[in-house]
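You will see chain A twice below: alongside chain B first, and alongside chain C after that.
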Partner chain A sequence: MISNLVKAGLTRRTFLQSSAVTAISAGLPGAAFAADKTIKIGFLAPLTGAVAAWGKPGLDGCQIWAERVNAAGGIKLGDDSYTVELVSYDNEYDPAKARTGATKLIREDGVSFIMMLGGDTWPGVQPVADRTGMLFSTLLPSDLSPDTATLFAPTEVHPIYLVTGVEWLAENRPELKTAVMCAQDDALGLPSVATYLAAFEAAGIEMLDEPLLFDPATTDFAPVVTRLLSKNPDIVCLDTCYSDYVHPIAEQLFQQGFTGQIISATADFYDQMIAKTSKEFMEGFIFQFPDFDDPALNGDNINFEDPNGFYATYNERHPGQWGAVSWEYASIMDLWKAAAEKAGSAAPDAVAAAMKEGGTGNHAFGDAKWWGTELFGIDNALVGDWPVVVIQDGKAVIKGFRSIPDWYDKHGDLLVKHMQAYDQMWDQRS
Partner chain B sequence: MPKYIVWMVLLVALLLLPHGLSFSQQEILVFLTINVLVVASYRLLTLTGEWSLGHVVIMGVGAYASALFSKKLGIYVPVTMLLGGITAALVAVILSFPLFRMKGFYFLIGSFAASEIIRLLWKRFRDPFGGAKGIKGIDPMPDFSIGIYDFDFFEPVSYYYFSGFIVAICLWILWRIEKSPVGLTFHAVHWQDKLAEASGVNLRAYRTLAFAIASGFAGIAGALLAHYIGTINPNSFDVEVMVFVLTWAIVGGTATFYGPILGCIVLTVLNEIVLRELGFEQMRPLIYGAVMILSILFLPNGLESLVQKFSQRRADGLAPNKASKGAAE
Partner chain C sequence: MLDLLAQTGLNAVYAASYISLVAVGLVLIFGVMGVVNFAHGELFMVGAYAVVALYADLQVPFFVAVAAGLIFVGCLGLVMERALFRPLRDNPLGGLVASIGFLMILQSLAVLGFGVRMEHIPPVTQEVLSLGDKVRLPVARLYVIVAAIVLLSSLWYFLKRTRFGWALRASAQDPEAAMLQGISINQTARIAMFIGAGLAGVAGALTAPLVSVNPHMGHSVIVTAFIVIIVGGVGSLEGAIVASVAYAFVHTFVTTFYDGVLADIVGLSLMLIVLIVKPTGLFGSADRA
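Let's turn to the complex of A and B:
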């Protein structure tokens, strides 16, 4: 049949067979030259555009991680060591380009694992993942569903960790009783809104208004902030706004004279925010992503290797660019490396099995468990402790680590209630 | 050389093209094929002198309609693609009532406002549009075999052949429309509107017709896209994407049928293949913008003017030969 000659189709079976052959042949002593002993890892995230702040710093962090691992002898699979090579593709946060990128990384570059930001881009990639069985990671567990068996959320359990910030706030500033919230109306903003609503309700903090959802194309935040402040709240919550929104909103809050509490998922490049407002204004700003020079990260509970050294190298190479994701993809690579070494193979199936073995894993902020059936329909999210970070005297400081599972055990019903109200449960997504 | 030989060579080249490309380039080829229809349909609208900022959203109307017809009503996918185009054309007719009370710059802004309303409706009504996350798990085009070739529509080559066939038919129809009396009237509406009106041409009706036809074909392009990537969301059809369509049209030129198509092909290859391969992945927006500015400065009539210059020179070169041949005879 001509069709058989012409068509060189890809199935999960043929892909996994070729992966297994590659992995086995790579593992045979003396079968490969040292120069051939390379494992390629794919990085498929936005490197340009509005969401680049959650892709590019992560790639920079991964480069540092790869250099450190390679300098320490690489990844050991069986008796052999392999150097790590990162291959990136800018998906511009577009599902069609993400599909193209996934195809390139898998079928042309021969990567063993692909890291993604997720969100809008994952549905474009999912058919490729289904067909190839490739192992993917996402920073957004809201991508998870029972249909995404090869997708893992091993670092950031966005947005569930947000409850820890609100819990800490309620305990340490009990006089603050009212809040308002704004968020961009997209796949990232809505599950965060539901989570913050649950956290505020659990903490006994009253929402003065419905969350204000603005269009992601918004550039003028003066009306948004004016409406938020018209309710005279104690707390303004910035949800999981992109840094392109957090900065102008903070500026507007400053210009319109707000002196209350601000809480946000991120405060990327907060030094620039301080420069645009004032140190006094930013004092007490709560968010969830620490600088890795924080002494609290030197504790025995931390699984990220040499966080202070990593932060120093990062800042040396990319001054002023440290952000929420700078360490996250590197942390995913830590988990992947440990699992691959345990499995003795880089084959996606073997690494996935090793990663979930025993139901627990070494999360950057401590030992954690694979979790998520109730919220995501699958236990592919690694959940444990998460830090609460506060800006003090112009510097981000970890105020403590809080357990996400402990909060969920007490208030999980509230989270499910609000997630359902925003159609964010896995079985509600269209 | 006889024209049909040129077309045959082109057809064979297009059939062989994906087999000379890498997998990711095959993927880009699929999106390029779909975008060719978007930009060619956009040109039909510009024939009447109106430039819209809502064409991509109208494309999205076709994508959403086709996705919903297949997902919610279980209609066979190729039929839903056609229905997507029809829905987009109908939406355009409805929009034409307020929009064609305006002209020129006001129409441009009005079309942007109307398209934003449509995008906000997609976001606001999670049922059936899926809200900000959009619709995912859209039924793919069902695989089939024609004996000598098995179409597996996960594979970009199969989808390229399928979408290429659809786009070729659409381009032929667009071409025939432009060359028909209706198409000539579109030109008259643009360049001689007072004269046309005095001759009994209903300007508004022809503008509406051009808008509806262009939207119908954009809707088919949207449907082709939706059933390939399996997911759509309001951001897939935002003004940023519209800027790309405008750029293709401006850089390519809109005086000829092939101008915008040329712009689309050259800029897509530059942006998605050349700059990525050269390692300028993160500098692409900067370089792309520079190309746009330079082309406006040095090629104000678009890339099509280069083709016209080349063919004019060729014709001039052939003319003396012909003349001398004639003299000898």
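Let's turn to the complex of A and C:
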């Protein structure tokens, strides 16, 4: 190659000079980049596969969050300002890939903090967390245990917030007395089943049948729905089913003639569900994740900055993609940023200590406390109020905020009982 | 109780319909070409995405989109035959490995073209046939049942009553003898691949509005199809249809009366029992097993 160039008229001296200039030039952007102080944050969640709906929209939300923070001057640690850079890794909701991703983010990318969905992927990552002391977050506090000292659940307190939807339902539709439930048989479905069972028992709603568990590989939900409806329930509970399940189950409920109440943890892309069923069928559907253009999010109790503006930007960039997790990882970043600025450091242990200082924190939906010793064996879940959302006239509307700790103070024994029955207490999980 | 049994029976008939379309296509390809096509589930997925692209995005009439899906996936089968399976004809393991590589390519193309999220497909119709107090059959599901009956009957007629069909069966029974009779093995392989892939494509296209369409949807379909063809007898079309019906009824009834996780265990147990009692499958012959 070089000899060909020389033959073409390029002297060896010119070639070496050009190479040297090129090498120096190539190094310059790196040097300039190093002058801009950057903090890297890892995003380790499913970006493809069946659970991608609870990863990818969160990454999109975080990108908006990072742009906003960087535009406002970045993160201030002591006298210095740092820009935020997100580094993502698709774990495909696979524990082995999650472990590889965590190692790569820590060793190769040098991240200061890693956000995860958790669930089935956390057991793969825990050895990495133990070895490195890296600070991780999960959306699923059911991952927490006394052995997970560097794992925090600072935003979503799945599945405990589900009690608020049932509590609201019982108060507002007291005539509904019976329920059935279905769920996928996995690390998301089972603790959620236990929580709904506790909430229904606390509300005096009778379960007509054992929760119907289905294989996560299920594609045809007609038999599941036939079984559910054979009991003639007032309420059908869809547990924490993935949106790939919620949609066909709702469609089957519609087609098999169900006219009662539906309650679910999520209703991602509910406009599509309405298109597949009808506005009348979906009226009153209860779930737990609001659209952020909801006026109720403009109250003084809300700690998420400019939720309406965030929602508008998100929908502008990703039309029709807003889902349960679109805001959640961004909200975690709010908490991490506040703690890092308080600590004056991005070091995992310093941020963790600052985050839990005083035992309280600014949760997106209001001030909350670090909680969970009884249920998780460690108080690393930030628990406070959670919204109850109802579809009205084709649009998700927040009907109120309910206190999770208040419910737990009254009915915590029921939750522990059902969690134990499903082997979901921290000391039962393998 | 009668209503519940009837509704469950209808659910099972629907499941048997789309499973048999996929399984018969898989058996046909194996029978004629001797290749285990691991990418068959992805051909089902491509059929579903044809409906996403044409019906949901471009507002082409649904049945036109389904027909286009059948032809497109059939042509994709021709490409697979020419580019993957023909060069590896004497190496069955090579064909299998090539099909695994091809399924990854198809999945990746689906991710690149449509993203990772499930696709929204407007309902074809919201009409529901009421067959009793609590027995309902959505018309969209009836389409799948009717299409399976029509297509599988046509295939039976084609194989039993036409010269091409005889050639296909002859190639499946004894390729060398068929060649000596002047039958082109390449041509029969092309026909088998077009029909086999097309059946998977049409199954995906017809069921697309009823399931979650995503790049990984072929996985559970191919697992079910493999169970079915092992139970029915590898290489037996009749066996694939009978086993599809049996599997669909067992799985649907166990899901409805017990639970879905147990239904999977029972389905796999059914396969194990058949393998123990009759290792060639219900309709299989020893030379194909």
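The definition used in the following text is that the second predicted complex is superposed on the first by the 394 of 430 C-alpha atoms of A that agree within 3 Å, B and C clash if a C-alpha of one lies under 4 Å from a C-alpha of the other, contacts with A are read in each partner's own complex, and residues count from 1 in each chain.
Everything below uses one rule, namely that a contact is a pair of C-beta atoms (placed from the backbone, for glycine too) under 8 Å apart; a residue touches a chain by one contact, two chains touch by 3 or more.
Note that the coordinates shown come from a computational prediction; the quantities given were computed from them, not determined experimentally.
K.L.:
For the overlay on chain A, clash or fit between chain B and chain C?
P.N.:
clash
K.L.:
Examine A:Lys56 and indicate which partner it touches, taking first as chain B and second as chain C; both and neither are also allowed.
P.N.:
Both chain B and chain C are touched by A:Lys56.
K.L.:
In the superposed arrangement, which partner chain does A:Gly189 touch: chain B (first), chain C (second), both, or neither?
P.N.:
First partner only.
K.L.:
Could you tell me if A:Thr218 is touching chain B, chain C, both of them or neither one (first, second, both, neither)?
P.N.:
Only chain C; A:Thr218 stays clear of chain B.
K.L.:
Once the shared chain is lined up, is A:Ala338 touching chain B (first), chain C (second), both, or neither of them?
P.N.:
Neither partner.
K.L.:
Return first, second, both or neither, reflecting whether A:Arg227 touches chain B, chain C, both chains, or no partner chain.
P.N.:
second
K.L.:
Looking at A:Thr48, would you say it contacts chain B, chain C, both, or neither? Reply first, second, both or neither.
P.N.:
both
K.L.:
Now for A:Val416: first (chain B), second (chain C), both, or neither, which partner does it touch?
P.N.:
So A:Val416 meets neither chain B nor chain C here.
K.L.:
Does chain B (first) or chain C (second) touch A:Ala353, or do both, or does neither?
P.N.:
Touch status of A:Ala353: no partner.
K.L.:
Show me the chain A residues, by the header's touch rule, that chain B contacts in one structure and chain C contacts in the other.
P.N.:
47-49, 56, 185, 215, 217
K.L.:
State the interface residues of chain C toward chain A in the complex, per the touch definition above.
P.N.:
Going through chain C, the ones touching chain A are 4, 7-8, 11-12, 14-15, 111, 116-118, 120, 122-123, 126, 128, 134, 136, 138, 141, 210-212, 214-217, 219-221, 223, 251-253, 255-257, 259-261, 263-264.
K.L.:
Along chain A, where are the residues that touch chain B in the complex?
P.N.:
1-4, 6-7, 9-10, 47-49, 56, 88-90, 93-96, 99-101, 103-104, 107-108, 120, 123-124, 126-127, 131, 185-187, 189-190, 215-217, 423, 429-430
K.L.:
Quick check: in the complex, which residue numbers of chain B touch chain A?
P.N.:
19, 22-24, 27-28, 31, 120, 123, 126-128, 130-137, 140, 145, 147-150, 152, 154-158, 225, 229-231, 233, 235-236, 238-239, 272, 276, 281-282, 284-285
K.L.:
Under the touch definition given earlier, write down the residues of chain A that touch chain C in their complex.
P.N.:
47-50, 52-53, 56, 185, 212-215, 217-220, 222-224, 226-227, 229-230, 243-245, 247-248, 251, 254-257, 269, 272, 275-278, 321
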